[in-house]
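The two complexes that follow have subunit A in common; it is paired with subunit B in the first and with subunit C in the second.
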Partner chain A sequence: MKAFLAKPTVQKIVAALLSIFFGLIFGFLILLVASLLREKASYPFDAFYTIFTGGLRYTGLRGFGIILRFISPILLTGLSVGFAFKTGLFNIGASGQFVAGGFTAAYIAIKWTFIPLEYLWIVALLGAVLVGGIVGMISGLLKAYRNVNEVISSIMLNYIAMITVSNLISVIKDANNPSRTQPPLARIPTLGLDKIFGSNTADMGIFIAIAVALLIYVVLEKTTFGYELKACGYNRNAARYAGINDRLGITLSMTIAGALSGLGGALVYISAITKVFDSLLVLAPEGFDGISVALLGMSNPLGIIFSASFIAILKGAGPSLARSGFNDEVVKIMTAVIIYASAFSLIFREKLGALINRKGTKS
Partner chain B sequence: MNILDTLFFLVKNMIPYMIPLTIVALGGMFSERSGIVNIALEGIMVFGASFGIFYIYFLPNLFPPQITLLIALVIALISGMVFSLLHAYASINLKANQTISGTALNLFALAFHDFMARLITPNAVEGVRFENAFRIVKVPLLGDIPLIGDLLFKDVYITTYLGIVILIVASFVLYKTRFGLRLRACGEHPQAADSVGIKVNRMRYAGVLISGALAGLGGLVLVVPSTVEYTGTVSGYGFLALAVLIFGQWKPTKIFLAAAFFGLMQVIANSSGLSFFTALGINKYFYQIVPFLTTLIVLTFTSSKSAAPKAAGEPYDPGKR
Partner chain C sequence: MIDVIELRNITKIFPGIIANDDITLKVRQGEIHALLGENGAGKSTLMSVLFGLYRPEKGSIFINGQEAHIANPNDANRYGIGMVHQHFKLVHNFTVLENVVLGVETVHNGVLSMAEARKKVVELSKRYNLFVEPDHLISDISVGMQQRVEILKMLYRENNILIFDEPTAVLTPQEIDELMKIMKELISEGKTILFITHKLNEIKAVADRVSILRKGRLIDTVDVATTSKESLSEMMVGRKVMLEVEKKLAEPKEVILEVKNMSIKSKHHGKNAVHNVSFKVRRGEILCIAGIEGNGQTDLVYGLTGLSKLSSGEIHYKSVNLADKSIRYRSISGIAHIPEDRHKHGLVLDYNLAENLILQTYFTPKFQNKGFLDFKKIYTNADQVIQKYDIRSGNGSRSITRSMSGGNQQKAIVGRELETNPDLLIAVQPTRGLDVGAIEYIHKTLIDQRDQGKAVILVSLELNEVMSVSDRILVMYEGEIVGQADPAKISQQELGLYMSGSKREEVIE
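And now, the complex of A and B:
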């Protein structure tokens, strides 16, 4: 038992669970306070129950399918942010990379009709990866060669991407509603998942997302390339001394991070759900969810699969919360508290380690 | 509109943007100079502005307008400071990752505003409407000075003068007081500062709290002149303030000039319909991305010789020499 608890992985998981625990407690307190202050919101227990089950408002497989469709985009933006974290960079620009990729995919899936329809979705995905990667690469190049803080540059790129996409909508606009884009001609295959889970829910995107997560895990943990990128993150100068091209490493890290977010965008905008772009200037929330997912999953691709599922369940509950008189900001507050608590994971782990050792000496 | 009028228009209209940017970037300066990176400026702005606006919403006519605004500003300042305590505690006492803690504060503030606004507004909406009675049409006497009177003493808010006072006080505190010297030492080499008896953690708390106070204040300063319905967003100005801080090389005067530059870019972005600009025949799209694109370009050419405080972002470890 002691040996089990002393494992770093186990301690990390315990720390993450503690963070979630704090977030849930705080969320419940918020619900209680709100129920006292507002008569419409008078069922805190009901609301709290809804937060876990609300995503499953369609019981059984249908509900599960709906959760799956929320998971894949934030799993990829989470991987994007997490990958950058592992290599010492903070990719707060997932939102911009996400819309850039998503729009590219939608554009290809509407305009590139010279490609046979059954292969078009693959080309659209590749296009999204490419354009998302280019957006990320801009931040990477600026960081590597001009020492520009990647947080600032990627935030600026978020706004630039958002405004650019909003202005490009006219290129593939819907004939009936010029402020929106047409639905794509080709979509990601559903592999029969629509029959299992009911229509308009899951498609192959979830498998793509999980496969990419596994791939990123292997790259980061089992290859020299991944090791070099992580070395640049730990200590850029030491990495250079060891013969690693640190500038190339930083550029590639951000490029890969951008490509992952771009793919995430494609998984939304050419998926089974009919989501299209509109001209409203709003930053894509999936990019910011990616930050929460990555932090909660401690930037580990395998952890991110679980944290993405968890955050997707919470997000799925948002709309149903209104039934008890609350809104989805309760969920957002809970997420924020979980992230804040997860910043303490180092202290949690130290305390846990000390506790285990003390117990060990006593017995 | 001739060129002189256009110039006057630009300068006059950039004031409501450059003043809050200056205030918030100065806040960021105190935090980073003490050694703590404060990425939560955006969230603290939202948080401070929320409480300031809530006060104006509930008690708009208790005092004369200017007094009401001053009270709201004090409330914004205090609430920003209290909120920043969370960041200080996480990054100083618990040695947490400062980026993560800051991100959590940003996420929290946005959601918290929506939550509070829904509690207090009759229709449970996110937008809080308020009566803006705070504009000073003309300052007596001073408003009669040609040009300068039009520029600084007509159609202004007291926040403009407040921003200038804060700029002067901030440069004085940073460079001419014992506190400022000690604060800077903690951001450059905390171990050395500690060795001569400076309480590093205490100085860092001071830095973060000042940044919280100024960011909270700056949030309200940005919101009051620019809207009559606050929806819990400062549209990226907290992050823009970080860019101003970097462009301004962590120095008060340069921060002021950097803020003026970004203010000008924002006005250009808003003025694409002006006859002077339509005559140039540039696409509207270009104006929309101007503030963000120029930020990128400016940072590309100014970041390589970074004057960032050496220890900023690192938790203080007394054992490290």
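And now, the complex of A and C:
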């Protein structure tokens, strides 16, 4: 038992669970207070229950199918932030990379009629990966060659990408219904998932996202390429000393991070979710959710699969919560508290470690 | 005499290792008390316990006969305890003054008031002959100066128990002499000093008593005056250690490296850091580059290994000009490099030991297959190197390098570089921070390399090492080579004249 608890991985998981626990308690307290203040909101216990089940508001498989649409995009932006983080970079630009990729995918899926229809979605995904990658690469190049902090450059690129896309929407506007974009000619295959789950938002996207997470895990932990990128991230000077091209490493890290977010965008914009491009100039929230997902998942691709699912369930509960008289912002507060708590997880882990050692010496 | 500090039955455990095992140590008021012990014996850990950085699992601390509860460095400060760490803890983009007052700033109505602090810092600096400039940035001053800032921090806080953790490992011989003077000065003011060092000469020079640690246990506390260096090292290692280097005469063979008119621009000033340097290295010899720190040795090595670009000149190595070749090209063609700064270049501190041991070879077929790392081989390799170079740590090959003791980090680097079986080894301060046993081993290995027909370039600030290990000495002064000497024929004094620029001659080969 003691040996089990002393393992760093186990301590990490326990710390993450503790953060979630704190977040939930805090959320519940808010619900309690709200129920005292608001007449409409009278059942805090039910509301708390709704937070977990609301996302699955249709019972059975259908609810599950619907939640999938929330998971895949933030799983990919989470990977994007987490991957950059593991290689020593902070990618705040997931939002911009996400819209840039999403728009590219939509554009290809609408306009590139010269490509056979059955391959169109693949080309659209690749286009999204490419464009997202290029947006990320800009921050990478600036960091590698001009020592511009990637946080600054990627924040700026968020706005550049958002404004560029909102100016380009007119190209794919529906002539008959100017408030919408034209529907994509090809979508991500559903592989029959829509039938199984009874929801047409259940498509292959979730498999793509999980497969990419596994791929990233393998690249980071098992390959020489991952070894090089992490070395650049942890200690750029030592990487250079070992003959690793640190500039190339930093550029590639940001490019891959951008490509992941770009792919996330594609999974949304050429699926049945039919999310429309905002001309309202709002940064894509999926990008920022990616930061939460990565933090809670401790930047570990496998952890991110779980944290993305968890946060997606919470997010999905928003509308149901509103229906039971509570403000759906409660969910956002809870997520925020969980993220804060997980930022403190290092302290939890230290305390946990000390506790285990102390016990060990007494016995 | 009163015991100002008494550590009673201190036990500190880290995962996989008992760093301090039931240690009881008494320190007298007004003495310089040295701590001696092998790398990883637990010296830094014990001092960190006293300074409140670690909570011991067992044991208690008494200050002036009263039990003291020290949970963090602030508590330690209240008891008048200050510490200069093995690896300094300064904010690099702050000035000297800002660093000194950090944490104990004087504030008037919520506004920082630096005037008083400045006065006090200038006064202290004068009184103890520290010569620090309050407004210089830490990143712009030498390591020796940085250490004085650390000392100033303790004086500013009016600490009277001062802990020095290997203060001399990073200093030049001149700076060491000055530090010794400062320490004696401090003692004469009634302060008490705890002094960790691996250099027996220093203990002989300043310490009153010395406590010897081995594998976490206290072996003994003895008077310095009545104990010989030989018996000190025997107590510490548990066997007899050869303090003198034994070697036969070198048999230099063909030239392996020829540097022609190498110049490198300085990053700090307009002049060249290395100016028009030419020399040859032969197989079967240990060539030493001597000089006072900051005279271009570092940049010369950067140029040879590819970390810096040459502004002009050629490097002929095995009949290839390396001047425009990559770092990787050079390491593959048989050049190994033990870097000067182990934390900056030598290690990825967040990688574990096994991962650090393949830093130069991870891409070779030995450790990867089609781009996938072969962890089985990586860990077997680590176990072999750990065994061979006696690298000690809590969790063996899986220890995170950051948690390892300074000397064992150094052994890891030395082991990794030697295991590449290089034709040319460039070793910069290879024994920095090592215990006498490990130094003996490294020196023997360097000489073995030479005897196998390999070439070694040794850069060292330590005159003893320069004189005893090398076969030929080149002296650098202000970026130029100002003299060549045979260590058997030159005295340390004469070498010193070259190093300080008072003497120079044309070196023609």
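Before moving on, here are some points about what is shown:
Everything below uses one rule, namely that the second predicted complex is superposed on the first by the 359 of 363 C-alpha atoms of A that agree within 3 Å, B and C clash if a C-alpha of one lies under 4 Å from a C-alpha of the other, contacts with A are read in each partner's own complex, and residues count from 1 in each chain.
The rule is short, and it goes like this: a contact is a pair of C-beta atoms (placed from the backbone, for glycine too) under 8 Å apart; a residue touches a chain by one contact, two chains touch by 3 or more.
Worth saying up front: this structure is predicted, and the values here are computed from it rather than measured.
In this overlay on subunit A, subunit B clashes with subunit C. Once the two complexes are overlaid on the shared chain, A:34 sits against subunit B while remaining clear of subunit C. Between subunit B and subunit C, B contacts the larger number of subunit A residues. Contact with subunit C, but none with subunit B, is seen for A:237 once the two complexes are overlaid on the shared chain. In the superposition on chain A, A:225 makes contact with subunit C only, while subunit B stays out of contact range. In the superposed model, A:178 lies in contact with neither subunit B nor subunit C.
In the overlay built on the shared chain, the residue A:192 is in contact with neither subunit B nor subunit C. None of the stretches 24-32, 186-194 or 258-266 of subunit B clash with subunit C in the superposition except 186-194. Judged by the document's definition of touching, no subunit A residue lies at the interface with subunit B and also at the interface with subunit C. Residue ranges on subunit C touching subunit A, taken from their complex, read 11, 13, 15, 55, 57-58, 305, 307, 326-328, 330-331, 337, 339, 344-351, 355, 359-360, 362-363, 368, 371-373.
Residue ranges of subunit B in contact with subunit A, taken from their complex: 39, 86, 90, 94-97, 99-101, 103-105, 107-108, 110-112, 114-115, 118-119, 124, 236, 239, 242-243, 246, 285, 288-289, 292-293, 295-296, 299-301, 303-304, 306. The residues of subunit A lying in touch with subunit C in their complex are 6, 222-225, 227, 230-231, 234-235, 237-244, 353-354, 357-358, 360-361. Subunit A makes touch with subunit B in their complex at residues 30, 34, 37-38, 40, 90, 92, 142, 146-149, 151-153, 155-157, 159-160, 163-164, 167, 288, 291-292, 295, 327, 329-330, 332-333, 335-337, 339-340, 342-344, 346-347.
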